[in-house]
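Which chain is which? They are A, B, C and D, in the order written, and residues in each are numbered from 1.
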Amino acid sequence: MHGLAFDIAHLLAGGLVLVSLMMLYQDRLPALINVFALHAILLAASVTWQANIQHEPYLYVTAMIALGFKGFVIPIALRRMIVRLGIHREIETVVGIGPTMLAGIALVALAMVVMLRVTEQADPLAREDLAFALSVLLLGLLMMVTRRNAVGQVLGFMSLENGLILAATGAKGMPLVVEISVAFSVLIAFIVIGIFLFRIRERFDSVDVQALDRFRGEQP
Amino acid sequence: MVLIRELAAQGAQMMLVLLLAPLLTGLIRKVKARLLRRRGPPLIQPYRDLIRLMRKEAVLAVNASWLFRAVPYLVFAATWVAAALVPTFATDLLFSWSADLIAIIALLGSARFFLALAGMDVGTSFGGIGSSREAMIASLAEPAMIMIIFVLALIAGSTQLSIIAEFMLSLAAGLRVSLGLALIALILVAIAENSRIPVDNPATHLELTMVHEAMVLEYSGRHLALIELAASLKLLLYVSLIGCVFVPWGLAPMDSGWNAYVVGVLAYLAKLLCFGVALAIFETSIAKMRVFRVPAFLGAALMLGLLGALLRFVSGSL
Amino acid sequence: MALGISLWCAAALLALGVLAVVLAGQRPATAVIYTASLFLTLGFLANAILHLIANAAPETTILPLGLPWVGAHFRLDALAAVFLIVVNLGAAGASLYGLGYGQHEISPSRVLPFYPVFLAGMNLVVLADDAFSFLLSWEFMSLSSWALVMAHHRLPENRHAGFVYILMASFGTLALLLAFGLLSGPDGNYAFDAIRSVSQAQGAWPVLILVLIGAGSKAGLVPLHVWLPLAHPAAPSHVSALMSGVMTKVAVYAFVRIIFDLGGTPDWWWGLIVLSIGGGTAVMGVLYALMERDLKRVLAYSTIENVGIVFVGLGLSMAFQANALPDAAALAFTAALFHAFNHTLFKSLLFFGAGAVSTATGERNMEHLGGLIHRMPVTSIAVLVGCVAISALPPLNGFASEWLTFQAILLSPELPQWGLKIMVPANGALLALAAALAAACFIRLFGVSFLGRPRTRLAEQAHEIDFWSRTAMAIFAILCLLVGALPGFVIDALAPVVQELTGSHMPSQTIIDWFSIVPIAASRSSYNGLLVLLFIALSAGLTAYLVHLVASKSVRRSAPWDCGFPDPSPITQYSADSFAQPIRRVFGTIVFRVRESVTIPPPGSLGVARFHVELRDLVWDSLYAPISGAVNAAAERLNVLQFLTIRRYLTLVFLALVTLLLVLAIWS
Amino acid sequence: MTVINPLILVLAIPLGAAALLALFRGYRLSSRVNVLASFATLLTALSLFFRHPEPDSYFLVDDLNIVFIVLNSFVGFTTSVFSATYIAHELEIGRLTPVYLRFYHAMYQVMMFGMNLALVANNIGLMWVAIELATLATILMVGIYRTHEALEAAWKYFILGSVGIAFALFGTILVYMAAQPVVGEGLPGMVWTVLIERVAEFDPALLNVAFIFLLLGYGTKVGLAPLHAWLPDAHAEGPTPISAVLSGLLLNVALYAVLRFKMLLAANPAAIAPGPLMVTMGLVSLVFAAFMLYRRRDIKRMFAYSSIEHMGIIVFAFGMGGPLANFAGLLQMTMHSLTKSAIFFAVGHISQVKGTQKISEIRGLTETHPLLGWGLVLGVVAIAGMPPLGIFMSEFLVVSSTFSRAPLLAIPLVLGLMVAFGALLLRLNGFAFGEPTGSRAPVQASYVPMFAHLALVFTAGVYLPPALVAWFQHVASILG
């Protein structure tokens, strides 16, 4: 049984890395959001599987958050927002797809080299798990860096955060995992509202203040 | 008894120096006139000029300050002290141990310092021309002189003139390249310092060319007399300096009797005569240089002095 | 006990600074502060003289301040006592002068608090005995003098001077800090006696280079001198007298303390480097001085020249020490210290004079002065004595130390190394050239500003300054005369220091008859200041008496000879530039790349002929301009990083992460 | 009556005050409560000196963080006094409305709570949450002016901060993963005191990767060179009390966190030496910030870069390691926070009275406002590292020990120090001296905090109390 549990956990973690690479591949926003939804669902599956291996009830809560909040709520909100902001048709990668993919592969290789140096006596599940988590994290950062559009960058950040949750759940018995995933969800909520509030269209840092003035009305 | 003799000898040297200075100037003027096929003024003309000036009234510029009136006395005193310290007929006199060569040259430096200030005190441009050019000439002549002193001091082992003269008298130095260089440099410096022909014309009053004369243009009466006497004393000093170091024969050696002194005086007079005539011949045979060729002239003296010192530093025998 | 008094005096000076802040603005503040600092410095002076004469053993004490595990060490030994005398003599004179001069100060609240603190800083540097308190008081001295230089901060050039000064000062301190880092080793035993006990490795040449940069920049050695002629004139006169006369000596003290006392026996080529830098500094300093018109800038540049002469003496002494010739080393070292002492005297005197002139006429540019001898008799006599002393002319003290330095040079054929055999005579020539040019420079200074006819209305209405300033100047003038006449006493006072640092000392001078000074042996050469003075005085007096007896005594005033063109305007007189024109033409074309151009209008046109001189400061152009240009260029190029988008900043973070992971992957 | 553990008080007071302040409407009352709360926290922090509570699984007080807790609450208190007068003026000119004021004071106390929690946290996860909380509070305060630049600065701080936090979290997880096989699952795997004893047996490769992520994560909060982008804008656009607290305290707290993990690594011989890593990042930040000082036009942004430069020196000192350099680093952390906050107090009042933060428009301060002007001169002279002020002692130790151990490293260090010194003095020459411009209206500024800080730095320059020296030396030895 021991072997099978490992294989499924590895399969799910490997799938997560694959979806991250798929997200790099997308160059249109709606497609990117759908792939992100898939990424979140896969994460939820992996966390539930970890939960039943480690028999830790609270991991199910994390899985539910991942599935519900990041699987459905955020993608729907984002899709409606890009329609409102009118940016759903733009092509917005900075560097071409080819070089980004190459960079992605190189990063995964780097993550493997760095992580697999960990000696055997550490628990094997942890070693592979961390390697995949690190790859997802690096790919998420790469996406943030190569996307011109603010929404693309937020999605990159969220995929980075999924990698973190994967690592956290992989660590057996780590306290505060739930609290951390809740904190991160709040963080992401802030970001999404921020984007919506400031109607950031193209560049991340062109804060559109006119939107703000509309809300100032009622103060003296 | 010895002390009295010593005092007498020192007193004699001071008086001798004072009396012979105008004679040397007179001699040079006479020989130059003769070379130019002129009769020239009598030998004792400088004495008569001094007496005449002493009696005349001293006319001072409106702007002249107390410094202008004090400078002639200071210049004369400094030059006279320096001239008295240079051995003329005997080496070891009473105050000869204080006759340090650097001190003597520096005394002349003080005299020149005050003379330049007097030149500028009057407030006309002529004084300024004289002082400024004198400062430029001095800024090259003095280092050359110091280099010559280095050569002599390194050969004789001391900067005291009487010891140097004693050492030269004993011919222990022998013939040295550095001594030759020092001699040429010393002659060049002497010509520049005493504002002789190639550097400056002592006889001229053409404002734009004179250097020494420009500084003393405003002096008259007794002040001019003292300045003229100081100038001729300075010439005598340089002649006796060259004499006692490079032509030491006839100098009375350490604590020798009266007859040695008499021989010394006679030899000294002969040396004065030769140098006077040589200088007159040299002056008539050469024209005055442009002011800004003088730095090259004095630069040569400085380089020769430095080369001489370098040779002494590098090897004992050169 | 003496060290205790000194430390209490220093603490009192610091307290005085605080008091000045409290008192600032009230009427009596100036008088109170300057009198108090006068008495305190006199206390210091007396204490140091007693310690030196008693030839007492060095006293040390450790206070709980400074580095926690080292504590603040203080030590009063012969070297510290000598430099305490030098510092406090100049400080007492400056305080006395300040009493009078301070009344005219436009913003006393900016000068009074920092003045006593500056004095305390200098004294503490001399007393400090461990690296931390040494550098603490050293920087504290620079900081307080920077505040004094910034006292008249309304003028832009004063602010520029202040900035350049504080930048060079901190550059010097960092160099000294690195030198102390080397000396005290990795485990940080910073106390000087710990450094002394650890025998220095023979090849510690970086220490020399660093100390040369550190102490040299404060003293004003040539490549590092640029701040000195800017900062000294900017400060009030009594402060610039202190900075020139005294602070440069503290820098010399630092060099002597670190190289002679802490460092081991120097190599021979150390002496060569210091000697050549000293010679170069002497000539360059005086050539700069000849090109200047501002009184105080001339004096500041001439400080550089005198510092060069001191370093020639020090270089020679190091060369002799390297070749185990203690007597010659003692002579050269005494010459250097003696010249440092003399320089404090006549430079303070000259700066007091410049201050008096600028108070009386409100003008510092020589071209606007002239004829002050008629209107300021006492000041002009004092400044004349100062000028004669600084030009190293016989009866006064300048010549005595110059003569000793020349005697030291004459001893150097015994040095075996070829480098020294060539460089020592060359530097001797440079020294002689510098002395001659100094005489020309000070003829120009005195002649143009004090003699001749007043060139402006300001100079015409000049008036003699107050009593205190004149007494300060008179005291220093008399001191110059006394030290010039009786140099033997000062040389004997320096003997304990020289014995301590070079292993032997000059033969004691006072026992020799007629007060003459003898460098090595009576048989070789001796100089008698007193006798020369007596001879000149006697013969001048005798001639004056005889002439007045025999010659006519009548005097008549009349217009001077004007070559037939009666033009009474004072502009026809020789100005400072025209006086320096021949020397500028001789030396300037090489050193300052001088280009003179005369534009004469075509015949017939009534245009004005123009004479233009273009002078460039090569040191500034070749060393400082490129450095500041490089810094500005780098700042310009890096400035782009401030205005990037968030995405680009994230790329930076991403690259940092990837590089670190690569480092980890490859190396560990 | 069992005495309440002062540790709990140190946390409870700011939290309680934050809740209380969120309710008050009136400005006068809330600023006074803010000062009172900070003073109470200071008293409890001081009482920590006398009663050392035993470390449990969540809280820890040892030689290192005792000093920083007291420093944190002291500067917090003085800044609250300063912010009382500063905010009063901001209200008058209408840059802040009472609604935001309530929010400002609440966030101030939340930030103090976050920082105190981070300092006393024994659990590395708790420390991460605390730092994250403090950063969020600061982000909200930076954007409080609602101007275009303020929002942009807050947004940039938010995004870069989030990425930094993600790294820090990943590092913490890796530390837990490394500790878990040795220490066992659950809470003990996160408790620092347990980790420090058993760290020798942890897997070195995991620790290395963890340290890199932690260094980059918390390094963003410290403002080291490649990760510094948020710091200058956050300082320039936020209200000055926040810049003072940001520069004075938050950078220190983040660096304290990095130190905690450096201790872990130092205790494990097999792991790579963190020294060279921190030395390179320190030097890069020092030299980079030094050159950036020249072209700055905004006075607060200039002092922000000076904070980056000083953080570079401190990280370099800790990177060099050895008792001397570590002692210097700790001393410089304390002195820098005191001096920089004093400078920001002065700059706050100056920019208010002159109505601008442009360096070119502020001139002749020592003439128009002598107290402020000379206070700023003293502050800048201190930050430039001139004696007799405290920073000179630490720079003295760093430079001299570096030169004797690794001369080649000392060259960039000295170059950075000189270039920074030149820039600071050039600007000081500009705004403290010269022809005064702008209004000469007397400003009723709170001078006490500023001169209290400068007095402390002045005495530290000459004399350090033996107790403080003992603590720092003990910590310096275990810092490795």
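What we mean here is this: a contact is a pair of C-beta atoms (placed from the backbone, for glycine too) under 8 Å apart; a residue touches a chain by one contact, two chains touch by 3 or more.
Source: prediction; values computed, not measured.
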item	value
Maximum centroid distance from chain D, chain identifier (CA atoms)	B
Which of B-C and A-D has more C-beta pairs touching across its chains	B-C
Separation of mean Cα positions, chain C and chain B [Å, integer]	35
Centroid spacing, where centroids are CA-atom means, of chain A and chain D in whole angstrom	32
Chain centre separation in whole Å, for chain D relative to chain B (CA means)	79
Centre-of-Cα separation between chain D and chain C, whole angstrom	44
Residue list for chain D, restricted to those that touch at least two other chains	155-156, 159, 163, 205, 209
Multi-chain contact residues (two or more partners), chain C	646, 650, 653, 657, 661, 664, 668
In the complex with chain C, residue positions of chain B that touch it	54-63, 65-67, 73-74, 76-78, 80-81, 95, 97-98, 100, 102-103, 106-107, 109-110, 113, 116-117, 119-129, 131-133, 135-136, 138-143, 146-147, 150, 153-154, 157-160, 163, 207, 217-218, 221-222, 225-226, 291-292, 295, 302, 305-306, 309-310, 312-314, 316
Residues of chain A touching chain D in the complex	114-115, 117-119, 121-123, 126, 130, 133-134, 137, 141, 144, 153, 157, 160-161, 163-164, 167-168, 170-176, 179-180, 183, 187, 190-191, 194, 198, 204-205, 207, 209, 212, 219-220
Complex contact set, residues of chain D against chain A	97, 99, 125-126, 129, 132, 146, 148, 151-152, 155-156, 158-159, 162-163, 165-166, 169-170, 173-174, 176-178, 180-181, 184-187, 189-190, 203, 205-206, 209
Parts of chain D lying in touch with chain C, wherever the complex brings them together	155-156, 159-160, 163-164, 167, 204-205, 208-209, 212-213, 215-216, 220, 226-227, 229, 232, 272, 277, 288, 291-295, 322, 324, 366, 381, 384-388, 392-393, 396-397, 399-405, 410, 414, 417-419, 421-423, 425-426, 429, 433-435, 461-464, 466, 469, 473
Touch list for chain C against partner chain B, complex	370-371, 373-374, 384, 388, 391-395, 399, 403, 406-407, 409-410, 412-413, 421-422, 424-426, 428-429, 432-433, 435-437, 439-440, 443-444, 446-448, 451-453, 514, 516, 523-528, 531-532, 535-537, 539-540, 543-544, 547, 550-552, 554-563, 570, 572-574, 578-583, 585-586
